[in-house]
Amino acid sequence: MDIGSVGGIVFAIACILGGQALEGGHAGSLMQATAAIIVLGGTMGAIMVSFPMSDVKRGLGLGKLAFGEKKSDIGDIIKQVVELAGIARREGVLALEQKLTEIKEPFLKRAVGFLVDGVDASIARDALETEIHHEFDGGSVAAKVWESAGGFAPTVGILGAVLGLIHVMENLSDPSKLGGGIATAFVATVYGVGSANLLFLPIANKLKRKLALEKDRKTLIAEGVLSIQAGLNPRVLEEKLASYSGHHAPKADDHK
Amino acid sequence: MDIGSVGGIVFAIACILGGQALEGGHAGSLMQATAAIIVLGGTMGAIMVSFPMSDVKRGLGLGKLAFGEKKSDIGDIIKQVVELAGIARREGVLALEQKLTEIKEPFLKRAVGFLVDGVDASIARDALETEIHHEFDGGSVAAKVWESAGGFAPTVGILGAVLGLIHVMENLSDPSKLGGGIATAFVATVYGVGSANLLFLPIANKLKRKLALEKDRKTLIAEGVLSIQAGLNPRVLEEKLASYSGHHAPKADDHK
Amino acid sequence: MDIGSVGGIVFAIACILGGQALEGGHAGSLMQATAAIIVLGGTMGAIMVSFPMSDVKRGLGLGKLAFGEKKSDIGDIIKQVVELAGIARREGVLALEQKLTEIKEPFLKRAVGFLVDGVDASIARDALETEIHHEFDGGSVAAKVWESAGGFAPTVGILGAVLGLIHVMENLSDPSKLGGGIATAFVATVYGVGSANLLFLPIANKLKRKLALEKDRKTLIAEGVLSIQAGLNPRVLEEKLASYSGHHAPKADDHK
Amino acid sequence: MDIGSVGGIVFAIACILGGQALEGGHAGSLMQATAAIIVLGGTMGAIMVSFPMSDVKRGLGLGKLAFGEKKSDIGDIIKQVVELAGIARREGVLALEQKLTEIKEPFLKRAVGFLVDGVDASIARDALETEIHHEFDGGSVAAKVWESAGGFAPTVGILGAVLGLIHVMENLSDPSKLGGGIATAFVATVYGVGSANLLFLPIANKLKRKLALEKDRKTLIAEGVLSIQAGLNPRVLEEKLASYSGHHAPKADDHK
Amino acid sequence: MDIGSVGGIVFAIACILGGQALEGGHAGSLMQATAAIIVLGGTMGAIMVSFPMSDVKRGLGLGKLAFGEKKSDIGDIIKQVVELAGIARREGVLALEQKLTEIKEPFLKRAVGFLVDGVDASIARDALETEIHHEFDGGSVAAKVWESAGGFAPTVGILGAVLGLIHVMENLSDPSKLGGGIATAFVATVYGVGSANLLFLPIANKLKRKLALEKDRKTLIAEGVLSIQAGLNPRVLEEKLASYSGHHAPKADDHK
């Protein structure tokens, strides 16, 4: 579980409702099914018009990526690739075949599979880069679904508030209901602005960042395996991958 | 029919009006011909000044693309192109002529027509790419018409609301009409913000996405037919087209 | 006259004032010289600080381009260029000299003049492209003047409204004048938002679009004449120019 | 003095205050030292945090460029460069040395100095382009200081207004002071929105435009002198520089 | 200590609170723990969802860069590099080894280390550029954390204000508390707009500027040392580095 994502949402809501409670307000006045229907329903509708259904489904499905935690395995992968490079050097590329079953990471397995199958280097590169590219592009569209939701929600919330105010204004003759009516109308704004700024936009941000990190990781795997195919010296390969992953900088500090 | 587009609009409006009804408001107060005249007329006028009439017409005409459903036929097209590649390989490019009448998809037919006519590869590529490019560019301008409408509508709505408020303010002496007047003024805002966020901007989004998908599809057709001309092996061609269409990734998973 | 531009402005204003009239308001309350002085004067001043006087003059001068109608003569030009290509092919480039007086379109005349004068191809290309480039760049700065006006007008309008409200607030002791004062203050907002969204921004949009179309048109002329110089076959040249102008696509449909 | 800049500011303020006076308001209510302290002080503070002091100083210093008038001397410079090219052609590059003292424009002098000193062409080009580049980049950062001020001022103005309203709200018990208090609070908004839209943003715009024109002018000088070094024919050089400066287009019209 | 950053914040707050005090308000009404909890807590939560924890930590850590002062040592570095170039020229690159202990700047030391170790030029360039690139990219993400905080804070502040207003509206029956309640609600807006415009956005700006300057500085070091390896003449190297650092322009003025 991505503690930052879950904790961030809980923390933000706790601070906001807690702060309100300290001032004498109570969360109860925010529990309004109608405001939720207006804001979430209106936003969902706008999203359904904006994107093909396949994009919408992918966007919702990708939502869990924002909340799932995946430990960085870059260090392990570099070690594994360098080890494979050593074997390929000593015993030839075909010797990697028996190692294939030990590889867990599916993209690395596929890449090494190309090596073992003797697929031409340029075709292997093309296939691996196309896969990286497609995964990233598809993910970016999905992240855009969340970003768009973050754009529509506040305006739909304002729409809901104006509708509520219209209702209030039409019944001005009974001033005792004025305050409560305006309060109710404002709740739609709270739902719109709150869902956009505490959920939709932050989730879109984290998705984009995680997709970029995953792209970097897959690119590192592809570069590593293609370098084995090109016969690069394992020690040089390790240096190269470390610099790709940004692990180089601290190490280089030893020179001081 | 694009169920997402139609359903999204219906769903959004149902949720918003339903939510309002649950709070005691009634949709009737929103039925105001004058607000519609102000917002839609003002927006339409701004669009007519912003774009040449030919763009405006194209934009309106393209609107139905946002609501039309077109099943993805990428799988069929790949199969067809690979089959044509097999025939071309076994019996020569000229043998494709008798297949020409069986091809339904007009762009594929035109591309194969170039092959059969013996048009030079670079000229055929130029002609196909120019057509793809022009269709996409023209469509993008049309999508911009909707996007601009989504930009003008809320400000025209605010204009209408301010005009209504001016009218209210000039008649402050009769306080009993105050509430109703303000309510009426706000309806223009509802029309402006609502039409922009539930119609114009989402339609512009979907048009842009559909145009991009159509561009990818035509590019795939062009690449496929030009690869036949280049004599590419049908099996390799299938791989190539599958990777272009993003169908590669799942298939590649089999390696796991 | 560009009917879209003139009609759009008339239509927008008619709808907005008409809608207001139907609600009982009257256009008279909007006839306020002071609001016009504040908004238009303030916007004009901001523009004068923002741009050198030469740009401001050019921007104002270019305004009439947004309202002038110019029929597309692409078809005629292609016909003329292809005809010239035929003459050049049969009788040599010098034979074009006697045709020079018949050419009306000044840019085409200048381009053919280079041919007749035997100017080197690369120098002719350079000169023609530089002219296209300069005209487009200069026009873009001029369009930016209108766009900036569309950006400044609403904020100056709000400035005017706040000034009006300050005046109202200072005289709260006489409540009977409250409504009228607020109404007057709001008129500045109407002028600012209205002029920006019904005039300045749409005019800037149309200028940008017309400049882009004119650039495409001149590029087509330059390409055509330079192709004559390169000795391109007239029939191939016609195909090429048609594809440049986007006239190709429909024609290609014949293949269906 | 740049009449557009000075006149624009005076004109804008005169129109806005004049318009207000015609409606019965008086400029006196806007003379509030506290609003000026809040808006200008807060904006200045935000700028000091945003940029290193060296950038802030440069930005303030560059402000006078927006108000200084510099006649375009492009025509003179072209004449001078063409003349130098003629001398270099007839008498050799070294003959330019005695002309060096007659050259007033420092950048042209430095460029010709490279010629006379026999500096290698690629090194001379590098040095001149680096200087142009650095001057433009440094100026752009300075223009950004003004642009940022235009971004911060309105929000600081709103901050000031909200602070004023808080003060008013805390003293609601005395309604007679309500109007005056709100009026005072609004003045901060006027200062923030006014300074941004009549001063900071327009000045940033003009600085950017003037820096771009100056960059074009220096590039023309560099190209001219480097062409002398390359031995370009003076007449061709004149044509080339004229096309660079955009003076070409009208001249080409003679062909009509 | 970066006097601009610290002084700017102090100056801005002093001007704003001082201005308010002069108008009769007192800073005490702004001392509200609840508003701070809502705005800062909500913003922090949104940031935690938006970025992986590692980015958030890096962003907070980098915050001190905005407040730390680092004198420009470009002059010293150029002198040192030119001196090293002289030694390398006279006594060979290996003679630099004994100088290695005297070099304080760690990046310069590492670069010269590559020289002494005889690392291949292209590999050394790659390693140095990768390090510069990674440091800049990582820093940019960290600066984005502050920029995002500046984007979320005002909307969370408005959220807090609306929540406060809802509370006020629900208790309209007691008008004596109305003013105080609204005042309290507005404080959240002050915290949101103030923290964004006086802290978060300016800090993000300064971080971005300092990162760019540091990147330029490291690029200069890398270029200098690589030029030593390439055997560039020390005097030419000095010229080159001076032009890189922008120190060239004033010097060139001597020619006048």
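Each chain carries a letter (A, B, C, D and E) given by its place in the written order, and its residues are counted from 1.
In this text, a residue touches a chain if its C-beta (ideal position, glycine included) is under 8 Å from a C-beta of that chain, and two chains touch if they have at least 3 such contacts.
What you see is a predicted model; the values in this text were computed from it and never measured.
**Student:** So, what's the distance in Å between the C-alpha centres of chain E and chain A?
**Tutor:** Between these chains, centre-to-centre, one finds 26 Å.
**Student:** Need the CA-centroid distance for the pair chain B / chain D, whole Å please.
**Tutor:** Between these chains, centre-to-centre, one finds 42 Å.
**Student:** Note the residues in chain D that touch 2 or more other chains, in rising order.
**Tutor:** none
**Student:** What topology does the chain contact graph adopt: line, ring, star, complete, or other?
**Tutor:** ring
**Student:** Let me make sure I follow the ring: beginning at chain A and going to chain B first, which chains come in turn?
**Tutor:** Traced from chain A through chain B, the chains around the ring are A, B, C, D, E.
**Student:** Can you list the residues on chain B that touch chain C in the complex?
**Tutor:** 33-35, 37-38, 40-42, 44-53, 55-56, 106, 109-110, 113, 126-127, 130-131, 134-135, 138, 141, 148, 152, 155-156, 158-160, 162-173, 184
**Student:** Using the touch definition up top, name the residues of chain E that touch chain D in the complex.
**Tutor:** Its residues touching chain D are 2-5, 7-16, 18-20, 22-25, 29-30, 66, 154, 176, 178-180, 182-183, 186-187, 189-190, 193-194, 196-199, 201-203, 205-206, 209-210, 213, 239, 243-244, 246, 248-249, 252-253, 255-256.
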